[in-house]
Structure formats: C-alpha cells, structure tokens
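Common to both upcoming complexes is chain A, partnered first by chain B, then by chain C.
Let's turn to the complex of A and B:
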C-alpha cells in the first residue's frame, strides 16, 4: 500500500496532481525505453566480448607456451634480460565515444606486431625462439587491447543501466502510486463535500418551505 | 590521446608483455607493494590500460575492487589469466548481467 502524499482536498490541488501524474508517467515511459535500448546495446557488447575473449585467451596461452619454450631453450635469465632491453614504447589511442549519453572508451591501436629488428634486443645474443615468443605476445596483446575496450564499454553501460533501472523503479513503485493515491483521496473528498452540500441544500430547502 | 600500457602479474606474464612492448610493469610479490603500485598506475595520466592477472587481482581482493569502483574512466583494467590459465569460477560479467538485467544468460553456439 503506497502512502499518500499529504495534500489539501481542493480542486486546484486536483488539477496540479493530475499534471504531476501525467509528467511522472511520461518520464517513466521514456526511462523505460532507455532501459530497453541499453539492454539491447549491452547484450550486443556481451556477445562480442564472448567472441573476443575466447580468441584472446587462446592466443595468450599460445604466447605463454612460446615463452616457456624460450625459457627452456635460451635460458630464463637471458630471456628476462632481453625483455628488459626490448623497446617498450607501445602506444594506444584511447578516446571516448557516447552511446546514449554514456561515455564509453574506444581504443585504437596501430600495428602491435614488430619485426625482430624493431624490438630492440640484441639479435646477436638471442635465439629465434625469443622472436617467436615476442611475436606471440604481441598478437595476444593486440587481442587483449580489443577485449579491454569491449569490457570497458560493458562496464560503463552496466553502470548506467543500473542507475536508470533504479529511477524507473522509483517512479513505477513509489512516486506514481503515491500520486495516484493522493489523487484518489482528493476525488473522494471532493465527492464527499459535494454530497454534504447536496443534503445541506435539501435540508435548507425543506426548512424554507416549512416557513412559508 | 595516446596512452601506454602497464602490466601487473607474475614474472612470466610481465616478461612476456614486456617483450611485446608494454611500458610499465610490476611483478607482484607482496599485497601492499602491489596496491601502492596499482595506485600509482591508476593515478597516472600516461597509462591507458592496465593488465592484471586474475591470480593477483584475487589476492588483492576487496581493496582492488574498491579501487576499480573509484577509478576514473581511464585507465581501463583488464584481468587476464596467467601462464596456468587460471581464471576465477565466477565470471564478473555474468554477475553484472544478473544484477542489472535480472536474468541469467548463457551464450551457446548458433545453429546447434
């Protein structure tokens, strides 16, 4: 049972309340549409995440296998040394894009894969398995960057979805029922006053007729 | 804007991504150290993406989750499996779907 808002039972208040109910209802409908649109968008992103994740994780485990191979053949210390010598200048372009007023990240990345000369470690001291491992990790990194973009969007959309949903529910289950309750109260009260007035008039009429 | 990439994880993961060109790296040993380092990464304007292994993320537990909630839009944070392929049972995304949409979805191959 929704608690009614305290109002004076006057015709003026009735009109005002009707307006408020109309407004609340319109807001509610709009927000509800927004929720629906967000859900569609969200599921689209989720679907793409599933695909991207499967691919990225597969590549990542391939990369780890290649790295282990490298550890085994070239030696752990040498590999670590090479990783310290390697050029670590990878840049990603991140900007924000707006989906229905939500800022979601877009990540752009140039070519992640480099050739052995551009990696920066000394070729004389390293083995080709290191090139292999680096290449696999570069591929994995590229896929992971794509995945990060999608997950970032999913989180942003989910957050907005939660917020909108809360507002829809607040309108639907709290505000609108309360307003309607108040509306009903006023209508009843006005009817009651009408009836009182009617019987009063009748009584007065009877008294007047008696006097004549 | 251009951003750089940071990696937090075990020795092997960090080595691998360093070879691939990730600029910042931190090998996680103690929880406190890793949290401080992550704080630095999150506060930095240079870093656009932080890769962290599931195992480390889980060790950090609650503190890490709170950091995730209070961080700005950037850097993006992506949790990745380490060399053992370890990933938690509970899928973060699935939890979010359950909470926000109110239904659980399973995605299966089409045409099956």
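Let's turn to the complex of A and C:
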C-alpha cells in the first residue's frame, strides 16, 4: 500500500493537493499515450529489422558462396592476395532524426557497388569470379549498413520506452496513490472537524436553553 | 527535483520534436532538401518518395493546403489509443492512405490505423500530444 504524504489537514492544503493530483493524472495519461506511441514505433522498427536481417543474411550467404567459388577457381592464395590489393574508402554520413524527441541514427551512404576497375586489384591476374564475389559482398555491405541504422533506432527507442514506462509506473503506483491517500486523509479530517463543531454547537445551544 | 517539477518537465518535453514552422507539400516538393527545423533545434527531413506518394494522392490545387508533417494528435480525453487528424487536405490524404470514408475537417483514427499510417508515412507524419 502506498505510504501517505505528511500534510496539514487544512482547506488550503486540500486545494493544493487536488491541483497536484490533477497534474499527476494528466502527466500519467499523456505519458501512457507516449508509451503506446513508442510501442508502435518499436514494433515497426523490429519488423523492419527482421526483414533487413533476412535480406542481409541471404545476401551474405550468396557472397560467401561466390567467395568459395572464387577460392576453388582462382585459388586461396591468389584470392587473398587480390583482397590485400583491393582498397576501399566509403563515405558514410551519420546524422540523427527525431522520433518523439528521441534522436535515432540515420546513415546515408553513397554508392557501395563499384566496377571492377575501381576495386584496386589487378584484372590481368584475377578471374571474373572474383568480380562476382566482390559485387556480392558490396551488396551485402549496403544491406548491413541499413541494418545497423535500424538496430541503432531500435536501441534508442527501447531506452526511451523503458525510461517513460518507469515514469508512468512511478506515477501510477506511487505518486498518484500517495496523493489520493493524503487527499482522503484531509477530507476525512475536515469532515471530522465539521462534525465536532456541529456537535459542539448543539451542546452549547442545549446549555443555553437549559440556562434560560 | 520535486515530483511536480519532474512531471512539468516531462510534459514540456513531449512536443519538442514538432516543427517550428510546417511546410506545405508544394514547398517540400520544390525544395532541394525538404526538411523542417524542430522546436529543440533539430532537423527533421522528409523522404522524397513519401512526398511523391502524397502528391499522387492529392490534386495539384490542394498541394499547398497540405501542411507537413501531418500531425497525429493524441489526446487522453479522446480515450486511450484514439488520435485526431485535423485539416481538410490532411484528412483527405489520411483517409485515402487508410482507405476510410473521407470526413469533413476532422478524422478520428485508432491505434492499428495509427500504426499503418506511421508505417506508410514515417517521415511525413508526427505525433502531437495534447492536453
């Protein structure tokens, strides 16, 4: 049971408490709406993560198959040598966008796929299966960057959801019951004072009537 | 910090993601970088494919009436999970997206519809908390 807040049983305090209960109730209702909205966002991001992860895994397995073909046709050492020769600088712009005040990451990446001439390895010494494997890995990289953005969003939304839920619970199970308990105490105390006054007045009236 | 101040702080932060000034669909389509500045100073960008999708739903004459982002107003007095869409062009677009009967001036939508709307228009819609 919620512990009552220590208050003086006065009418002023009663008015103040009613205002506080109103504010707490309003805060609770709005934060609950926010939790609902965050849950919608969270499940949407999770749904997109599942799709993105499935696509990325499929692409990665295609890339690994292409790499195995490359090992088999070109030879392991030659493939490793070509991979050492390959150079890559990828321009990634990481900014944030806001969902209900939560900063979620946005990753913008330029074209990830390149043609064979831009990869840096010698075309004379390598086979076309290496180009195929490289292309498949570049496609996988693009999907993985998209997946990273979504996972970052999911983490940010989940953190905010947890924080807001904690606030809603604190209001629902601690603050509002305590305020209501204090409100009830003041109302009862004021009623009691009123009853005491009433009986006192009746007693005085009876005494005055007896004296007359 | 007292509980009351904490609640007031939380309430004051609820709508900081909203734009300082909304942009019409026509302005957004003409802009090279369709975006708005939010109340907390951040930038909210609109995806061009969403803008084009919206443009396809509205006649050309109505494009300057549609203000972006479309606000999904959540108001506790409407009941939990109920949202209000206001504005003639906004109601027209949302009705078409959700395949609902078009209403005049105002439209009430419910949580599953909010989820569909957010899925289809993630950058051109925003939540607005009212009390």
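As a convention for this text, the second predicted complex is superposed on the first by the 212 of 212 C-alpha atoms of A that agree within 3 Å, B and C clash if a C-alpha of one lies under 4 Å from a C-alpha of the other, contacts with A are read in each partner's own complex, and residues count from 1 in each chain.
Throughout what follows, a residue touches a chain if its C-beta (ideal position, glycine included) is under 8 Å from a C-beta of that chain, and two chains touch if they have at least 3 such contacts.
Remember, it's a predicted structure, so these values are computed and weren't measured experimentally.
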Worksheet item: Here chain A is shared; do chain B and chain C fit on it together or clash?
Response: fit
Worksheet item: What is the value, to the nearest 10 degrees, of the angle subtended at the Cα centroid of chain A by the Cα centroids of chain B and chain C?
Response: 120
Practice prompt. Using the superposition on chain A described above, determine whether A:36 touches chain B (first), chain C (second), both, or neither.
Written response: second
Discussion item. Between chain B and chain C, whom does A:96 touch in the aligned arrangement: first, second, both, or neither?
Written reply: both
Fill in: Partner touching more residues of chain A, whether chain B or chain C
B
Practice prompt. Once the structures are superposed on A, label A:171 by its partner contacts, choosing first (chain B), second (chain C), both or neither.
Written response: second
Worksheet entry | Partner chain in contact with A:7 - chain B first, chain C second, else both or neither | neither
Worksheet item: Who does A:190 touch here: chain B (first), chain C (second), both, or neither?
Response: neither
Item to complete: In the overlay, answer first, second, both or neither for which of chain B and chain C A:20 touches.
Response: second
Discussion item. For A:46 in the superposed arrangement: first (chain B), second (chain C), both or neither?
Written reply: first
Worksheet entry | Which superposed partner A:69 touches (first chain B, second chain C, both, neither) | neither
Worksheet item: With the two structures placed on a shared chain A, what shortest C-alpha distance in Å links chain B and chain C?
Response: 14
Worksheet item: Do chain B and chain C land on any of the same chain A residues, and which?
Response: 43, 95-96, 103
Worksheet item: Which of the residues in chain A come into contact with chain B in the complex?
Response: 39, 42-43, 46-47, 49-50, 57, 60-61, 63-64, 67-68, 71, 79-80, 82-84, 86-96, 103, 105, 107, 112, 114, 119, 130, 133-134, 137-138, 140-141, 144-145, 147-149, 151-152, 154-156, 158, 161-162, 165
Worksheet, complete the sentence: The answer for chain A against chain C in the complex is residues 20, 23-24, 26-27, 29-34, 36-37, 40-41, 43-44, 95-101, 103, 106, 167, 171, 175
Worksheet entry | Contact footprint of chain A on chain B as seen in their complex | 1-5, 11-23, 48-49, 51, 73-74, 76-78, 80-83, 85, 87, 93, 96-97, 99-101, 105, 107
Item to complete: Quick one: which bits of chain C touch chain A in the complex? Just the residue numbers, please.
Response: 3-4, 7-8, 10-11, 13-14, 16-17, 38, 40, 42-45, 74, 76, 80-81, 111, 114-115, 118-119, 122-123, 127, 129, 131
